[in-house]
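Sending over a structure as structure tokens; questions will come in a sec.
Here the chain labels run A, B and C in written order, and each chain numbers its own residues starting at 1.
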Amino acid sequence: MAGLALFALLVAAALLAPLISPQNPYDLAQIDVLDSKLPPGSLGGAGRHFWLGTDDQGRDMLSAIFYGLRISLFVGIVSTVCALAIGMAAGLLAAYAGGRTETLVMRVVDIQLSFPAILIALILIAVLGQGVGKVIAALVTVQWAYYARTVRGVALVERRREYIEAARCLALSPARIVFRHLLPNCLPPLIVVATVQVAAAIALEATLSFLGLGLPITEPSLGLLIANGYQYLLSGKYWISFFPGIALLLTIVSINLVADQLRDVLNPRLAR
Amino acid sequence: MNVVLDVRDLCTAFATRAGVVRAVDHVSLTVHAGEVLGLVGESGSGKSMTGYSIMGLVEPPGRVVGGSIVLDGREITSLSPGEMRALRGNRVAMIFQDPMMTLNPVLRIDTQMVEAVQAHDDVSHAIARDRARDALARVGIPSPDERLNAYPHQFSGGMRQRVAIAIALLNRPDLIIADEPTTALDVTIQGQILYEMQTLAQESGTALIWITHDLSVVAGLADRVAVMYAGRIVEEGGTADIIERPAHPYTRGLIDSVPSRNRRGERLRQIPGMTPALTALPEGCAFQDRCNRATAACAVAPPMTVARPPYEAQRVRCHHPLPDPTA
Amino acid sequence: MLVYLIRRSLQSVVVLLAMSLLVFVGVYAVGNPIDILINPQADQQDRERSIAALGLDKPLWLQYALFLKGALTGDLGNSFVQGTPALGLILERMPATLELAVVAMLIAIVLGIPLGLWAGMKPDSLSGRSIMAGSILGFSLPTFWVGLMLIMVFSVMLGWLPSNGRGETRLLFGVPVSFLTVDGWRHLIMPATNLALFNLALMIRLTRAGTREALLQDYVKFARAKGLSNARVIGVHVLRNILIPIVTVIGLQFGSLIAFAIVTESVFAWPGMGKLLIDSINFLDRPVIVAYLLVIVTLFIVINLVVDVLYSALDPRVRLADAKG
């Protein structure tokens, strides 16, 4: 429950960022370079407190984190949903079609999963170039195989069940069997995998952005904020990297906690 | 005959969510040298747990909470874990039910046998290995020298159980506790192992506690039989007495539910109802809900008494023991 | 065993061929090979000469054959930035990465297995729960951020350890290594710990789960019934059984360690091939990227082969299955 509450809080902060942020960190009229690199709790030139300090441009870190959270969550969730759709389709196709189609799809999945996600994402970025769309494309490519494997695994088990036999005997259309019978049974494990993957996607995007190969400067996610503070870390100005990192950590931990909870709730062995 | 094992009022309890459960409830047993005691009961009756208690192998949340266990004249319930370890596999050994599971699949037979010798005797690897080979030969494993280098998966089920028996025999224990060692085996192999165990016990004077749910196994093997129900011993006596003249209605039920050639075509009788959960035992006699002889008196737990005085060898825990059918 | 090795090696060659085809298609056919392979700073004349020299005017299958031929002789093109062979650049940087990955893996193993055993033996104790909580944190913490925090604490605040570089190296079989000097260790320990973190958490979880399962098995009870000491039961009977999945995972994770070293090397400015890859991506030095990719794929295949051999050495049941097949 703590995980869910924390996650809800973070999502709320991300959604309401423009309303709750002390300033709009990307409105040049609102920031003052004279306020740059102030430690947490400082009083800025305009008589405003910077509770988490400011970055090199004089931006309020708290506001930057709210906006960064928005971008991180957006990229993580959108890429997961896309990957889920593609992976589910591929997995169902493999399980339903069987034969060569299945072998081909699963072989691609196996090969892809044998390489670390970060490597594949980096190579894709290297070939595609940078940008929000391209990062999302890379994250989708990295993720889809997990869903394909999960769906196929569950669908293979379900395929042998009697009710599928019965549905086939009734000469129901393949689409009906797949969407009305196979899919609902695949959903519980998929939801758990997808939840974990949202966290993984957010972490991966942050890593790519930190390496300077993720989102562009105009879309500063948490990873980019951390990277931005990296150069000031050695001179002891920890807060520029530290606080966005904490926000990233809380996001990942809360999502993982929610996933753990979902696993317990949705575990068919416990529920049935 | 000297007493090898004397168990008095042994109690082993488990802390569960539903409260404390007594898996073994005031069990008393005596085993003499060279004697075979059959410990009979359904699964969950506490017979295996009695064996583990004697071995000092009860694992948390279980614990021996009362009673005494005297092995070779020495009280062992108060021994330190180290002293208990020195006894295990040395003075008292145990054989388990499933030979497919008891040998470690990734260690060679010689490793598993040599370590059992060296755990108790400060001897060289070569000597320990020689003893292991002799033990294998004694249980009828052909070309024991080569087989020592094999892995468990290279043996059949029966052969694996022989290896387990050989390991139990390694340090010439005074007592072997055999927990259903033939249940998982083919019937033909079962017979061979039973016969061999009996011979080995007789030759070496080792006492044997044979734990089983199968009265027919015990009938041909044991000198004496103790019947357990819901953690308690409900009847004990000489094997012939128990089989031919059972005094406890539960023992009668067990005997009647064994298929037999003599009663072919007859309908097998079964004990009505189910083994009660240890968390929900009735007050008094644990068997009363399934017993056709039960009366109001059964709400008070019956003590262990001589079944049919003045004949003292057969004792029963029942307010309404059965009459002697042969009398 | 020999038959098995030969068969596995043949399989590896097939996988390598398939991967080389993928790389070829990815770099030469899907992207614009002229942009990828020819320095964008070159003038028109240079470009045309290069197109002819690279054989880009030839049919696709012939190009692939030439690419393969080049790859087999170790020629994966020259770096645009350095002008030297790309493969040489990668190989030059490889020891630093391998050293980092090996030390990280050793840290994960040496700490993770005992901690996992302990947590598996005492799952309900405070220490067991703390170890598990720590491992969950290890999974959740983003590697690069932990690296930054390590630098913040140990380099900036405490001033104990240097924040970047390899330190003093010494030659071992002609390869420079850090672990033979004190200064080298001072530089090595922080990035290696950082890289180890995820695998440490993984080792703990794996060992704990395996221990808990093994402790319920009859063979553990039987081993105790033989009167073996607790140390022998845990150290031999339990450990030998859980070692099988652990070795598999160690092998598979070693590959991902090398990949994740990209991040750690960037944080600690560790001069390995991961850092080279990031620099090459930033400079659009495509031949180096291609070379890195092929080297990594080869490494992965070699690692998988080693894991399989080790696996069959550890599990006698696998050996038998092989002898029959």
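By our rule, contacts are C-beta pairs under 8 Å (C-beta built on N, C-alpha and C of every residue); 3 or more make two chains touch, one makes a residue touch a chain.
Predicted model only: the values in this text are computed from it and were never measured.
J.: Of all chain pairs, which one counts the most C-beta contacts?
T.: So the pair of chains linked by the most contacts is A-C.
J.: Comparing chain centres built from Cα atoms against the global Cα centre, which chain wins on proximity?
T.: Of all chains shown, the one whose C-alpha centre lies nearest the global C-alpha mean is C.
J.: So how far apart, in whole Å, are chain B and chain C when each is placed at the average of its C-alpha atoms?
T.: Distance between chain centres, rounded to whole Å: 53 Å.
J.: From the C-alpha centre of chain A to that of chain C, how far is it in Å?
T.: The computed centroid separation for chain A versus chain C comes out at 24 Å.
J.: Measuring centre to centre with CA averages, how many angstrom lie between chain A and chain B?
T.: Roughly 58 Å separates the two chain centres.
J.: Considering the complex alone, what residue numbers of chain A touch chain C?
T.: 111, 114-116, 118-119, 122-123, 125-127, 199, 203, 206-207, 210-213, 223, 226, 229-230, 233-236, 238, 241-242, 245, 248-249, 252-253, 256
J.: Note which residues of chain C are touching chain A in the complex, please.
T.: For this pair, the touching residues of chain C are 18, 26-27, 30-31, 136-137, 139-145, 148-149, 151-152, 155-157, 163, 252, 255-256, 259-260, 262-263, 266-267, 277-278, 281-282, 289, 293, 296, 300, 304.
J.: Which positions of chain C touch chain B when the two form their complex?
T.: My answer: residues 217-219, 221-229, 232, 236-237, 240-241, 244, 314-317, 320.
J.: Looking at the complex, which residues from chain B come into contact with chain C?
T.: Touch residues, chain B against chain C: 55, 57, 85-90, 93-94, 96-98, 101-108, 112, 115-116, 119-120, 151, 153-154, 164, 167.
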